[in-house]
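Paired with chain B in one complex and with chain C in the other, chain A is shared by the two complexes that follow.
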Partner chain A sequence: MESNGGSTSRRAAAERIRRAIALINAVADEAGDEEITPTEIAEAIRDCLELSEVDRAPNVRRYLGEALDAVSDGMPADFVAMTLYAALGALREGA
Partner chain B sequence: MKSAEGRGRTLDEAVDAALIELQESRRHVDVKILSETPEETVVEVTVIDQTAPSMGVAPAPANGKAELAKNLVEGLLKHMGVRAQVSVRAGADPITLDISGRDLGGLIGWRGETLRALQSVTNVMVGKHLAEGERVIVDVERYRQRREHTVREIAMRAARQVKMTGDAITLDAMQPFERRAIHLALEGDPDVTSSSIGEEPERRVVVGPRKSGGE
Partner chain C sequence: MVIEHMPERHSASVVLMFAGGSRLEDERLAGVSHFIEHLYFKGTERRPSSKEIADAIEGVGGFINASTDKELTAYWARVPSEHMDLGLDVLFDIVANSRLDPADVERERMVILEELRMYQDQPQDYVQNLFEELIWPDHPLGRDIAGTEESVSRLNREDILEYADAHYRLPNLVIGAAGSLDEERTVVEVRQSLSLRSGLNGTTPALSPAQLTSPRVLVRRRDTEQAHICLGARALSYMHPDRHALDLLNTVLGEGMSSRLFLNIRERLGLAYDVHSFTQKHRDTGYVGVYIGVDPKKAVDAVNAVMGELRSLTESEIAPEELARAKEFTKGRLRLELETTNGVAFWLTYQELLLGGIKTIDEELALVEAVTSADVKRVADDVLSAPLQMAVIGPFARDSAFRLAIGA
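This part shows the complex of A and B:
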C-alpha cells in the first residue's frame, strides 16, 4: 500500500506536468495574454524532471526527456503537448 | 432518405442510438418521437437531404484536410473502443471536428484534458497536410463551444459589475482558449479592460476599469 507521501508527490509531479502542458496550450491557442518563450516551456519541463516521482513510474522520465528535446528542436506545440500528455498518462498508470 | 429507429431510457439516449446506427450527426437529421413512456422512448431519426436549400446551413466544404482529420479521429476512437459519431462542422474556420454520441464524458476528461490530448494527437498526425499555423479543433458534444459561451457570459457579467462598482474582479483560473474568449469578448468595451495574472495552470483573467489615456 502506498503512503500518503507517495500520492502527494505524484500529485505534485502531475501538477508540474500540467503546468508545462498549459504553457504549451497557451502558445497553441494564442491566448494573447502573455508572451511565452520556448525557454519558459523548457524550464517547466525541467521542473518536472527534478522530481524523484518521475522515476517511480515507467517511461515518465523518457517522455519528459523527449518533450524537452522537442522544445529544443523547435517541434510544433502539439507535438510537445502530445509527449507531455503521454508522460502524464504514464505517471497515472504507474500509480 | 435513410432513417433508423432508436430506443432509450431518455429522448437523448434514443436519438443517440439511432444516430450511431445511421453514422450521422444531430445537425443532419430530423427526429420524430414514436412513443414516450417513463421507461422507454422510441424515436424515428431521418437523415435530412443536405442539398435542400431549406436547411439554412451551408454543407461542409469538400475539404480534403477536414476529411482526412475526420477519418483519423474516427480511427482513433475505434481503437479506443469509443462508439461515437465524427462530423466536420460546416463553415468552421479553423477546421473543427464534432464528436457526438452517448456517455462521452470520459472523452472530455478533467477540465477537458482528454479532449485536449486527443486534439494534440490529431494535429500531430495530420500536421504535414496542414499549412503553417493551420490547426484542427476537436470538440466533444460541443463542450468547447459551450465553455466559450459560458466564459463570455461570465466576462459580460464581470464587466457590468466593474462598471457599477469601479473595482477590478479576478475570475477563476481558466484554460488558454477560455481566457482568449474573454479577452476577445471585452476588447471592444470602452469602459473595461482585461488582463491575465498568475502562472499556468492557475492563470486568471482580471477584469477592471479602463483607465483614460491621460492617467
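This part shows the complex of A and C:
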C-alpha cells in the first residue's frame, strides 16, 4: 500500500516535469516576452532529477537524462518536450 | 476448383487465385508479380486494350479487378448470374492470352513507379512497410509487394514473360465460384476454355525468414504534423492451431472502438487520435502489430502506454465477458464478410489454395468459440516475449527515447 508521502512526492515530481515542459513549449511556440535559454531549460530538468521519486518508477530518470542530453546537444524543442512527456507518462505508469 | 451454389442471389463471382505473389521474388525480380497483374489488364489478342476488357464486364454492370499479395495473386469478376460465362471468359482470356506489349510494359512501369512514390507520401501506409522490413529483414516478405524503384526500373519484358510462364500454370491455380450458377455448366466451361499449361517449371520454393534476436527501432525523419508508429512482434502463421486465439487477442487489444487500445490510449489518456492493432499471417510466420497516429510530443508516452497494454495481456487472463465480446465481434465480422458472392468465392479459394482444405463457416465459428482465456494468455505470453520491432515516421532527430521505450 502506498503512503500519502509517496503520492505527494510523485505529484511534486510530476509538477516539476510539467514546469520543464511548459518552458519547452514556450520556446516551441515562441511565446512570451523574455527569451528562455537552454540553460534555464536544463536547470528545470535538473530540478526534476533531484527528486528521489524519479527512481521509484522505471525509466523516469533515464528519460529525464535523455531530455537533458537533448538540450545540451541543441535538439529541437519538440523533441525535448517529447522526452519529458515520456518521463511524465513513465511516472504515471509507476503510480 | 471450388464452387458454392447460392441460388437466392442475383450475382455470381469467380476468382482465379494463383499461388505465388511477392514472397517468391528474389531481389532482382522484386515487384514482378504486381507488374504482371497490372499488365494483364492492358490487352489480349481478342480484347486488345484495357478499355475492351473493362467494357466487356462493365457492359453488363459487373466488376473486374485483381490484387497481388505476398503469397498469392487473385483475379476476380462479379457479374449478374446470367453472365457467369462472360466473367469466366474474360478472366481466362487475361491470364492466358495477354499480349504484354512492350509499349504497355513501359507505360505501366511509369505508373508503378508513381505508385511506389505515392506510398512514401502516405506515412500511415509507409510506416507499415518499414515495420515489415524490421519484422522480416532481408527477406521478400519484408519488401513492398510492388517492389522497389530500382527493381521496377530494371525489370524487362523477358523477365516478366519468364516469371509469368513459370507461375501462371494449372498446378498453381485454384478457381473459386459462388452465387447463383449452374455448377455442372461452370465446370464444363472451365474445362473447355482455360488454356493454361500444366506442370510446373522454374518456380522456386518459399524460404523461411531467419529468427529475430533483438528488439530494433527504425526512425525515418520527416516533418510530418503527426508521428506515425508501428510496433509489434513476430507471431503465428495461418497454419498454427492457436491462430484463432491470436485473432481474439488482437480483437481485445485493438480492433474497434471497444478495444483496450482505443478505450485506454485514446479515450482515457487522450494520447492518440488513431490507435489500433492488426495481424498478418503467412505459411510459416506472421506478426501482430499496433499502429499509433499521435502528436509528435506525445509519441514516446503513447508507445509506453501501448507497452503497458501489451504487458497487461501477459499479466492476467482476459475476463470472460471481454472474451465473449471478442468472439461475437470475430464471428460477426466473418459472417458479414460472407454476405456477398465475392466474399464467399474468396473465402473458399483462399482456404483451398493456402490451407489445402475447406472448413465450413460453422466449423470455423466453432474453432473461434472453443478458444479460452487461458489460450489467449498462453499466446500472449509466447508472442509478446519475442523481440519487439518499431518503425517511426516523424520529426525526430534521434531514436534514443524510442529505443528506451521498447528496451532496444
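In the analysis below, the second predicted complex is superposed on the first by the 94 of 95 C-alpha atoms of A that agree within 3 Å, B and C clash if a C-alpha of one lies under 4 Å from a C-alpha of the other, contacts with A are read in each partner's own complex, and residues count from 1 in each chain.
Definition applied: a contact is a pair of C-beta atoms (placed from the backbone, for glycine too) under 8 Å apart; a residue touches a chain by one contact, two chains touch by 3 or more.
If you're wondering where the values come from, they're calculated on a predicted model, not measured in any experiment.
On the superposed chain A, the two partners chain B and chain C do not both fit; they clash.
When both complexes are overlaid on chain A, the residue A:85 reaches chain B and chain C alike.
Residue contacts after overlaying the shared chain place A:76 against chain B and chain C alike. When the two structures are aligned on the shared chain, A:23 is found in touch with chain B, with no touch to chain C. By the document's definition of touching, neither partner reaches A:41: not chain B, not chain C. Of the two partner chains placed by superposition, only chain C is touched by A:66; chain B is not. In the superposed pair of complexes, A:93 makes contact with chain C only, with no contact to chain B. The superposed model places chain B right into chain C at 219-227; the other stretches listed in 219-227, 237-245, 345-353 or 399-407 stay free of clashes. Note: residues 76, 78-79, 81-82, 85 of chain A belong to the chain B contact set and to the chain C contact set alike, using the contact criterion stated above. Across the complex, chain A is touched by residues 296-301, 303-305, 308, 395-398, 400-401, 404-405 of chain C.
Across the complex, chain B meets chain A through its residues 113, 116-117, 119-121, 123-124, 127, 135, 175-177, 179-180, 183, 195-196, 199-201, 203, 205.
Residues 59, 62-63, 66, 69-70, 75-76, 78-79, 81-83, 85-86, 88-90, 93 of chain A are the ones touching chain C in the complex.
Against chain B, the residues of chain A that register as touching in their complex are 15, 18-19, 21-23, 25-26, 28-34, 44, 76, 78-79, 81-82, 85.
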